[in-house]
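Chain nomenclature is as follows: A, B, C and D, assigned in order of appearance, with residue numbering initiated at 1 for each chain independently.
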Amino acid sequence: MSHAIRKEALRALVGSWLAEGKRVAGPVAVGPGRVLYQPLVSPERLLLDGFIRTVNSIKAFVFPRHEELYAYRFRGRQVELIDAPLPEEEQIVIGARPCDAAALPVLDHVFRWGTPDRSYERRRELTTVVTLACREYDDHCFCTSLDSGPRDERGSDVLLVEIDEETYEVVWLTSKGKDLFVRHTERADRKGTIGTGPKRKFDAAALERFLAENFESPVWETFALRCLGCGACAYDCPTCHCFDIVDEGDRHGGMRVRNWDSCQFALFTLHASGHNPRTAQAQRIRQRIYHKFRIYPDKFGDTLCTGCGNCSRGCPVHLGIRPVLEAISALERKPQSAPPKTP
Amino acid sequence: MARIGVFVCWCGENIARHVDVEAVASGAATLPGVRTALSYKYMCSEPGQALIRRKIAEEGLDAVVVSACSPHMHLRTFRRAAEGAGVNPYRVEMANIREHCSWVHHDRGEATAKAADLVRMAVAKARLDRPLEPICVPVARRVMVVGGGVAGIQAALDVADAGHQVVLLEREPSIGGKMAGLSETFPTLDCSQCILTPRMVEAAQHPNITLHTYSEVEAVEGFVGNFRVTVRKRARYIDVDRCTGCGQCWNSCPSKKNPSEFDYRLGQRTAIYIPFPQAVPARPVIDKDACIKLTKGKCGLCAKRCEAQAVKFDDEDRLVVEEVGAVVVATGYRLYDPRTPAAADGISGYGEYGYGKYADVIDSLQFERLASASGPTAGEIRRPSDGAVPKSIVFVSCVGSRDPAKGLSYCSKVCCMYNAKHAMLYRHKVHDGAAHVFYMDVRAGGKNYDEFVRRAIEQDGARYHRGRVSKITEREGKLIVRGVDTLAGEAITVEADMVVLAAAIRPAEGVERLAQKLGVGYDAFGFLSESHPKLRPVETNAAGVFVCGACQGPKDIPESVAQASAAAAKVLALFSRDELSRDPEIASVNELTCAACFACERSCPYGAVERAELRNGRGEFLKRTARINPGLCMGCGTCVAVCPSKSVDLDGYSETQVYAMLKSLT
Amino acid sequence: MIEALRELARRLLAEERVRVVIGYGQSSPQGPVHPLFITRAEDAEQLVWNRQCFSNLTAYLTRKDVRALGPAAVVVKGCDERTITVLEKEAQLERERVFVVGMVCEGMGDPGLPKCQVCDRHRPRLADETLGEAVDREVPALERYAALEAFLARPAEQRMAYWQEELARCVKCYACRQVCPLCYCERCIVDKNRPAVIDTSATLKGNFAWHITRAFHLAGRCVACGECARVCPVGIDLTLLNQSLARAAEEAYGFRAGEDPRVEPLVGSWSPQDREDFIR
Amino acid sequence: MSQNNGFDPKIIAYVCNWCTYLGADLAGTNRLEYPASVRIIRLPCTGRIDFHLIVKAFESGADAVLVSGCHPGDCHYTAGNFHARRRWTLFRALLDVLGIEMDRIHFTWISAAEGRKWQEVVTEITEKTKALGPYRAYRRICEGGA
């Protein structure tokens, strides 16, 4: 036996959340062929089918692209610091993909490490993630290569698995998730079923071997030629979490704010002295791969990637992680003498 | 953090009347970087400047904000004062709370609030001022004098006599200006031409003077010490170098009935002509609209007669470039034309006086020609209509002057004197004639001036009526002048044979265009603006450009000549230096971030941007970059605006400063 | 055409006329087409040419690591080649160091991109060698700006509301900047912090400032390759901004960026007769 | 100034040092009164006035912006205003497509002699801006957050 909800009922439920004044976000079509997680204004705009996944991720709902840390006010010649108010609104993310939700525990390691990040913590508490298991995949998807899959439950509060065209199975994974759905489901005798996910695209073990020995490999330069050095991959990534802190204000005072940043920007590592330790795009691409697959794992025992493929999907030149890891994996399989295929 | 002193000036009552200067100062004292803020009655006075110097020493200030008048008025003054106390002069800023505030906003609350804003902006800017050192540029010791009337001639001769080169420019075919056409001059009644002609010749023959007649300023480039003036030499149709001035041409010219400009249309001249016998240079020009050869293609008699073969019918305008270090503007005046209303000037005109309608209503410059021995009547007073000697003349003062309702608000200053002179000259020549003068006041301030007017009335019997003329009509060959005598309190009517209108003095035609080329300001009437009405009367706000004579305001000959000598003295002071120091507020490139797109190069009006390469200590090529040549940059900042990465910045108006000023207004 | 292209690439590399050929590649027949760098003659068969060759590859001509390879050949479409003119005018490349391979193009995408519907440069004109045969058709200026026209027909408040909604999505990933062949500054103005001209925050304020800046920095320069809008991950139609400037340049000064290598850049030149009906 | 619900518009004027600034000086010398709504930022030349300054003014809370310099042909630096004119022409097209209220951006040529024109222009744009009210749309942009 399982719990189920019909799709219209789900939409009505979303409507009732909105009516209660809750913040709800989910996939919305913002243009031809372009679906993004966006705050919902009406349940009708929620998109549950007809796309592989959004180009952005749900991380913005716990780690906004722009966040006020604290305010400062000039009082004569003194400066007064005022804490930014912590978020208070409950929010529900509906229609998240497992590769989005699985990123949340990954982010947790970072933001709860050492001194916990108060506003991140608060947002995590206030956020309920309702995930939709994947039935379709595209060439960019590679969750299975990282031992994840289309119904990965990590990070989700509720997992919806399609039973048929009308109905989802509702699997509550946390009490927060259960509270949302418990009175709105019907009992069903079927469980939702989905496939095994995208075919494996590279060998993670081979990658590990390669990274252990090839920090100085010329292969990084061949990838770098194509990379334009924008931040689309990092900003579309559910796990990338680098930020920049700046002050913005006027003569009365202002705000210290935290904004997303990307290690792919040429000036990301520019020091105040003028020195820049990563002057070449090759170094920056290498950094991104190493951080995700070696530095972060060494520190937290997990991978800083869920295999969502957004870095390629949103990439102006269709680079991103998968093509790089595929090439590396191929290199590891071949004898070392052969030069890498031109990316 | 900067150590700024804010000094708020009362300017006597000028600022303090509408701005609460104490509140402005106490508000300024709380601003970041401000060490001291105080107000004082006259900040530009010596005690005021001493106060600034003392505070700089006491408080260890490194920047100064003076909240007073326009920086165009006193920035230099305060920079010098601050420099005297050891503050870099380019760390001095002014908040203009007089011209831009107290003089234009009379609500005390609003004016004070705005003044506080202006001070805050200036402090924000001063906080970011960099200390700078002036840039030195060489001076071209050569002056251009624009206008060859008595003022221009005087200025030219003074500078030339001091040993410097002068380029004297005159629009008409001959130098001499208005004075060359005057009869006798007040208050001495000496012959105008007798005193001027020798000076004209002297100017023409002076080894240091280059004369361009029939020429105008086409364009001006450059800056003080280094102007490049393009002169348009109008086609004269005469090869001046070949011409001997023999007169064969004009004596043989069949086109004789052209109104003479020099005689103000009272006489006639030929198509090829010299404006008057004593013209300098004594070389003719051809009036291309009157010349039969040039209009119809036949004739050419003058060319046939010319033994020197100096007539060139194919002559064209030529452009000559003169490089000079200074310019003196002496473009003089013209008379207001009482006939036509000028809507643009708000002048409704004096149609009721019948000027242009009745031949015997003339203006005062025309009367000068009638009274002049070299004039169309050889000095006999004869009326234009029939050549009869008028037995009664009415002289009308203030036609256009002192009449904001219909004419111009200002006093033309010289009319009272020449009215008296005209009455006197007429009575000397026509003993039984009646000279009536209608006047509003008689303004005869000046050495021997009032005595001169008294003489006209008491010895020469001029009849003065205090009042305006309301209408002039013609009846049976007589002009009926209706007016009022406000002293007698009665309307009076005078039957006159001739009426002379003392029309207002206006600046010469086209002076605005010239002023614009030179960057000189002018007032609503077109008179050029001096830097300061009292302290810098012949300087203008365009450095290196000076004014003298009636282009700056109505004046008589002695005043014009005095001003011309003053302008010459200013030029000589400028030329006494080998080089000028120029404000170093110029652009510079951050060569590390410059993308070398050279948008700046394309936008620079001075060609001051160079393409350069950046190399490391070992001389290895790093990148290309734009670079500013500080000798050529004039600091307009156009490069800053077009630089996409904002790798160019302009000292004194830097990006940080402008944004800081904006921020100070939030 | 594709064989001719590969042959040309092979020849250029074999004869060492260039060190790299910048063209298009495809990892699988259904996969997306991406920029490809060929440095060995034998790899030339990896080059592809089809209706998915969107990228304006001239963006790579100013890249430091690409330049370091040596003289380059670049595959261009008619729309792309105009950037080469602009880059040359702005001293960003030495034309003789670049071998321009022009591809006659019937339009990209299926159905064709909007820019391809009004394209009047199917056949490159400035290339060193052009492959393929086609005829250009003249497109009236109005047709080129039809989308802009339609947008401008909305009242100003609606336009403002539209941009507030659109730009609210911008995350400032700067893909628009990085993909643009004419955004070659090493230190973009948005990264300047003394003073900070543009808020780096992806707030509405920072986003307006950024997009105004990005668009205006391309005034009289943008060749309408449309890459900025195509790559925007959040789907903001930046071409409307670019077009507004392009049309103003065309209307006021009869200027189209990159069309004529003899004409001086628009910003940085002037005429006393320039119109000024908006100036009192 | 309180006839319009107490709204005192904030107007930023970018003016060139040699013409319009002196024109405003002349207005002062001639005691020509006008509303105290304008804050002048003096720059050497209109050539220096780039579009960022206009954007920044609105970001700083301006309800209107005035940009003013020498008449064509009178530029102290010979051509700065010609360069500026071309840029403004283009920039206006961009602002227009963005739906920026064009009634809030004013361009004038005011010479050193035109004190009266300065008075008229400031008076007029102040009245116009009062009628338009505060520039709420741009305030919304600035307060819109992320």
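Convention: a contact is a pair of C-beta atoms (placed from the backbone, for glycine too) under 8 Å apart; a residue touches a chain by one contact, two chains touch by 3 or more.
Since we're looking at a predicted model, the values are computed, not measured.
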item: Pair sharing more residue contacts (C-beta pairs) when B-C is set against A-B; value: B-C
item: Closest chain to global C-alpha mean, per-chain Cα centroids; value: D
item: Mean-CA-position distance for chain C and chain B (Å); value: 54
item: Distance between chain centroids, defined by C-alpha means - chain A, chain B (Å); value: 72
item: For chain C paired with chain D, centre-to-centre distance based on mean C-alpha positions, whole Å; value: 34
item: Separation of chain B from chain D, taking each centre as the mean of its C-alpha atoms, in whole Å; value: 30
item: Set of chain C residues in contact with two or more other chains; value: 186-187, 197, 201-203, 267-269
item: Contacts with 2+ other chains: residues of chain B; value: 592, 603, 642, 659, 663, 666
item: Numbers and ranges of chain D residues touching at least 2 other chains; value: 56, 60, 73, 79, 83, 87, 145-146
item: Residues of chain D defined as touching chain A within the complex; value: 60, 145-146
item: Residues of chain A that touch chain B when the two form their complex; value: 74, 76-77, 250-252, 274
item: Contacting residues of chain C [partner chain B, same complex]; value: 90-92, 184-189, 192, 194-195, 197, 217, 264-265, 267-269
item: For the chain A and chain D complex, residues of the former touching the latter; value: 64-67, 250
item: Touch list for chain C against partner chain D, complex; value: 148, 151-152, 156-164, 168, 197-198, 201-205, 208-209, 212-213, 215-216, 219-220, 240-241, 243-245, 247-249, 252-253, 266-272, 274-276, 278-280
